[in-house]
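Below you'll find a set of structures to go through.
Shared between the two complexes below is subunit A, which pairs with subunit B and subunit C, respectively.
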Partner chain A sequence: MNLLHSLQLTAAEELISVAGLVLLLVAAWSGDRASRAISIATVGVLVAAAAIALPALCGSLAGADVSAFGGQYKADAFSAFAKLLIYVGAAVTLIVAPAFFDRFRAMRAEFPILVLFAALGMGIMVSAGDLLTLYIGLELNSLAAYVLAAFLRTDDRSAEAGLKYFVLGSLASGILLYGISLTYGFSGTTSFDAIRVAYAHGMSIGATFGMVLILVGLGFKISAAPFHMWTPDVYEGAPTPVTTFFATAPKVAALGLLMRISLEAFGAQPDAWRQVIVAASLLSIVVGALGAIGQSNIKRLMAYSSINNVGFMLIGLAAGTKAGASAMLVYLAIYVAMSVAGFVAILMLRDADGNQVETIADLGGLSRTRPGLAAALAMVMFSLAGIPPLFGFWGKFVVFQAAVQANLLALASIGIAASVIGAFYYLKVVKVLYFDEPTDKVQGNSDLAHSILLVVFSVVLSPLGYLLTGWLNTLASSAASALFHVV
Partner chain B sequence: MIQAFAFYLFATLMLFSGAVTIFSRNPVHSVLWLILAFFNAAGLMVLVGAEFIAMLLVIVYVGAVAVLFLFVVMMLDIDFAELRAGFVRNFPLGLLLAVVLFVELFVGLVVDNAGGLAIGKTSGAAAQGALSNTEAIGALLYTRYLFLFEAAGVILLVAMIGAIVLTHRQRSGVRGQNVAKQNARRPDEATVNMQPEIGKGVSL
Partner chain C sequence: MTGSSVGGFPILSLMLLVPLVGAVASLKANREQARLIALVATLIDFALGVVLWASYDIGGAQWQFTEHAAVFTGFEWKLGIDGIALVLIALTVFLMPICIGASWNSIEKRAGEYYAAFLLMETLMIGVFTAQDLFLFYIMFEAGLIPMYLIIGIWGGADRIYASYKFFLYTLLGSVLMLIAMFWMVNEAGTSDIPTLMTHHFPVGAQNLLFLAFFASFAVKMPMWPVHTWLPDAHVQAPTAGSVILAGVLLKMGGYGFIRFSLPMFPEASAHFAPLVWGLSMAAVVITSLIALVQHDIKKLIAYSSVAHMAIVTIGLFAFNQQGLEGSMIVMLSHGLVAGALFLAVGVIYDRLHTREIDRYGGLAINMPYYAVFFLLFTMASIGLPGTSGFVGEFLSLLGIYQESSWVALVCTTGIILGAAYMLYLYRRVVFGAQKNADAAAMPDLDAREWAMMVPLAAVVLWMGIYPESFLAPMRKDIAVVEQRIDAAKPKGDANVKIAAVTPVAAEAGEAK
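On to the complex of A and B.
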């Protein structure tokens, strides 16, 4: 193990940590006045970190050359792909946050720094090649996320969201740690590659227990049913920019981690985890679709929608093939675009006093008062439902294709049937937007940054997005093949 | 000979201070005795050659945990008389638990003598003979586990930022200490010589 080479491979993380420390000092001396400048600097740091990560993706690097610290950290194409999505999610959060918090006079200089450290933790998660790295990355991300959820501490709902997330998140961490300790006990190692070797000839019952507990802990983090209970409450209570963050970056990170641990550490025994993933996938699809029907708050609706989407993504993982992993990554990228567009549109829904409009019924007839915004929101909803001309369809298509290729016909057909149920509540929102009497609740102008973000991500979701498919498929398959690079 | 003497000295003192920790009526005294118990445990660890654990005991348990206990005990308004009143009522349960713990300890010892339980394979190199524990741990922490060690440090930093963000607030009407102003103050500005007339006050 060459220390210099290792330090070189972890450059993105080093940049983010050092920048975080410097910006923290800036925050300490200049106070909350500097929060806008720090936000801009943080976005710059994320862009720089993405630029550092990019070569690994373009060169589709994998294997021993890119594993640092004796395999604890892997700077391969997969981690680079996931990191790009994570940094996009974090950067969008930072761009939309100041306008939201300024109205409560709650914008603080620590906000961008916490987001930056959360992004650091998520980068470590998706690069993990060792159970220790996994846990440290996960905790770094989670601790920052608990604080971000409670950031509007004068707001009861935000404080409640933070507390709920903290208590349930700690429970999940405990379960995960228990699984890690069992896995360590039965395999005698914490390294993913070595666990794969240790389990190459079957797993004992205790080893299976350890694996299931790890999957349960991660299932909580990706809010897959039946570990999804916290999601609607936290998404509703957390400040909307933070919800944007939760719906994108941590989800990418936890799903990436789940892919890594299933396909790398337990990759020799896919049948051991497949049934767990299939069960979680089906439950998430059904719970997400049925739970969303009765929701009147659009943030809660998006929470159920995210549970539903995680279910579809897990279908790709359940396939357990390279095509499945690649399909999952494509879906993940499209899902990030849909979530960002959706939440930016939700952030632009403000009444005359500048307060957020979150009740779906209040959006009645938005198409007549704010046609552009209504069209964008409708497009997000159609895309989430997977209606063909939009880009959301492509994600579902590749995932189902991978499942069918892996002989998971039953899973794919139940998924398709449930996506029809899901379409019902997405279309209900569109109906309210276009066919209900105008309520004129949504007023006021949106600032430029929101509009630009919304336009950019709407173009990605529109049929124009299909121009990206070739490019996206190449990147996703090079990232997925990094996971199947057996040492 | 001197080893045996040191062992019995540390062991006796530790048992004694442990017992006093329990029986002491004043909770602050209890914590102080607990610290003495920790110190003696550290001494025992040094005797068996585990100097790193000894240092951890002193730094972590004495330096942080026990002092924290002391703060908590001194700052919380707990009515210890009331707590102690339940002693007799809970005595049978406590005794039962103590017996269970003792039996388990005994069974564990017997099983250990019959040969340990092998649940997994161990991997990794055995401790290098030439290095002391502290050197070996340090060599691993700062090379092989450097990345994780530093990342764990960042976790602590985030926890600290989080605690401050969630609890610190600017309160109005509080007279905070202004160190710069205090330091800039000169004796001749601070005192004023006055000669008030009889029956009249001074206006400051």
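On to the complex of A and C.
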């Protein structure tokens, strides 16, 4: 295990951190004038980092060969899969942000750099092989995210979102740290692999406490019920491009981390954490569905929808099998596509003055004034509801299939029946878009970058997305196998 | 792509593709272009349907025109039909051009999207009947919800929003548990291939749960009493063509589901739950017929009569014998034509007067004599008058169930009497009597377009009534397969009647049994 090899494995993180520091200097000297150039450079850095991560995924690498710094960092196929999704989410955020912030003259040079550092933190989270690496990645991401949520600092809602996110995020980090310290106390190690060995023959009460606290801390980060309270407020208050970011990249990172901890560190005792995950899963599905019904703001609706979707993804984790993990990753990938398409469409909803239209009722009859946009939004809604033939169905399909294969029939039946409640509010949005009389609130044209993104991700969500099933399945299962690679 | 169809030609995929292309094309087109595109696409599909029927080898392989393409992972693009699917596909492609005709003048707003939704429906309906992969079937089965939701919600009547929600959520709730059951089955049998699953023996204990999961879906789709309440709402609010397709084809998916999945895959459970199905069907026949008797809205009346007719289908299906199964298939076909035609007949006068209130009409026989003739024919077919398609199906179904349970047969036969009562009462109020409303009296008779829609329907109704063998022949062998599969499990009947084979001599010779 030489240093050079370790540095080689962490190349993506090194690239991002060096580039982030350089771009920070550029920002310091040339100021906000350079913000667009920095954004473009940042997207370039993300693409390069993705290119570095890709070989690990294609080669389905796992095990000791790809663990750096004595197992503290793992550049395996799983981390590569998650990183690709994270970089996609970050890049999309950077592409849609300038048009949004320019209206408030708030496009600062720091924005792309903060996103970049958040992406760095998330990359470390999903590659973590040790509780301390995990915590460093998590905090790096969180600190950047708190600032991003409050980025529109003249706007009260944004400031409130930042503060709320910070307070609850800190609470979650505290709980997580407490769990980490307990786990260290009972296992005598912070390495995932060593914890697995230490808990191979059972867990004491204290060890279980530590594990539950870690799960609770991560539950906050993935906004699973009952730790979801911050989500609607933060999603609503944060600037929409930042919401786009929150709905995609940190979700992937936190869920990836949860998978790694559950399946690697506590992988020897799946029964210990399964009930926690099952409870969080069902609660999230129900709370997400019921909470969304009364919402009139589309961003809040998307927040509840994300809680709901996290619930479905956790079903894959609850299965505790390779198929379950693979299903969860497939769902994550599709979820990222749905969220990106949804938020890009929401960003394109502007009134005559160029202000964002966020009230659902104001979207009335959009299908007649902007048929393409309405169709894309309707597709996102049906996809999130998991109605075939849209591709969103496939995520639910694989997750429930994995649950049935793992013999969790009750969980699968209750979960899928509860998904019908969710369908109700998605239908409500489609009803407003298609059945109501036009309100003509949404005006004007959107810029090209938004349209291209929307078209690309809508095509993925359309039935054409099923052509990706083979490819997605191969990648997800090679990523999932990495988690089950016992050293 | 491998195909063993018309000279290796993937005709089923083409039949799915033509309406899909039409749908995309008409999305952006204006009203005149869109309806023309839709008409051409549905006529091409009808022509393909004729080719399909003509080249279907009766008595040949069980599964014909099979296609398989490995483009997906997790499920497969596998198509193929047997005789049961063939006749239902024929029904679909036959009704679709008529639906487009029914919408020709009455749809004014957002015509491009309307025709696109209809063509998409056609693709999905044919997809349901051709799918040979369990999950492909599910995708097609569920996907139909989206276009139908839009059709009811955008082009429907005053209460369309409520009806569209009810339709969507009711049918979705019914179907989701079926998906879980499918996962279990595929996990157990190791394949999602429908023909293989049809011969797989599932453990008897598990069958009951699986049956109930499928039953929830098909019973809602069918619809069976007491989960039928979405249907009258959806029918009343949907535009004419929407009602036609709903009654004509969508309801048949439930029956198709029973005969393709529930009966052959879970024979023991089917026998176990047969009394439940009988009970619900008896209740449906009597209750919904009585409800139909007191309706003031023509469409609602026909909707309730649909529920009653569908109960005859379930009775026939769960009679566990050849007569019952054949009868229920014919009832399905006949009801598809007759209910479709009745909704069209309602559409004809609705287009003129814009009301469905029975009281607003009267004495139409005087000013619309040709209309009155067609309406009478379809009314009689709905009642089940010998010589029309309705008689053949209902007779066979009741004959089938009589061998199983004379009580069920007795109760269900009252449905025929009640059916005659509400249909004749409807006909009297709308067509006979004095011309009490001046505007109704001023309505012109059928125009050329309406003739063009009515004549083919009337012709097929009579054809099926007079020579049903044309329709029974392609299905006979496949029904015999289903019958063989469920024969061992069938519950002991209470009647000891011995009935000679009712099939004509010519067909008997070719029968596989």
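Throughout what follows, the second predicted complex is superposed on the first by the 487 of 487 C-alpha atoms of A that agree within 3 Å, B and C clash if a C-alpha of one lies under 4 Å from a C-alpha of the other, contacts with A are read in each partner's own complex, and residues count from 1 in each chain.
The rule is short, and it goes like this: contacts are C-beta pairs under 8 Å (C-beta built on N, C-alpha and C of every residue); 3 or more make two chains touch, one makes a residue touch a chain.
Note that the structure is predicted; figures quoted are calculated from it, not measured.
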Touched partner set for A:146, first subunit B, second subunit C, both or neither: first
Partner chain(s) touched by A:279 [first = subunit B, second = subunit C, both, neither]: neither
Partner chain in contact with A:290 - subunit B first, subunit C second, else both or neither: neither
Comparison of subunit B and subunit C by subunit A residues contacted: B
Touched partner set for A:186, first subunit B, second subunit C, both or neither: first
Subunit B versus subunit C as contact partner of A:434, first or second or both or neither: second
Contacts of A:113 with subunit B and subunit C, given as first, second, both or neither: first
Which superposed partner A:37 touches (first subunit B, second subunit C, both, neither): neither
Contacts on subunit A seen with subunit B and repeated with subunit C across the two complexes: none
Complex contact set, residues of subunit B against subunit A: 119-124, 143-148, 150-152, 154-155, 157-159, 161-162, 164-166
Touch list for subunit A against partner subunit C, complex: 367-368, 371, 382, 387-389, 393-394, 397-398, 400-401, 404-405, 409, 412-413, 416-417, 419-420, 423-424, 427, 430-431, 434-435, 466-467, 469-470, 472-474
Interface residues, subunit C side, partner subunit A - complex: 71-74, 110, 113, 124, 135, 138-140, 142-143, 145-146, 149-150, 153-154, 160-161, 164-165, 168-169, 172-173, 176-177, 179-180, 183-184, 186-187
Subunit A - residues contacting subunit B, complex: 1, 3, 6, 10, 13, 17, 20-21, 24, 68-70, 72-73, 108, 110, 113-114, 117, 120-121, 124, 132-133, 136-137, 139-140, 143-144, 146-147, 150-151, 153, 162, 184-189, 194, 198, 206
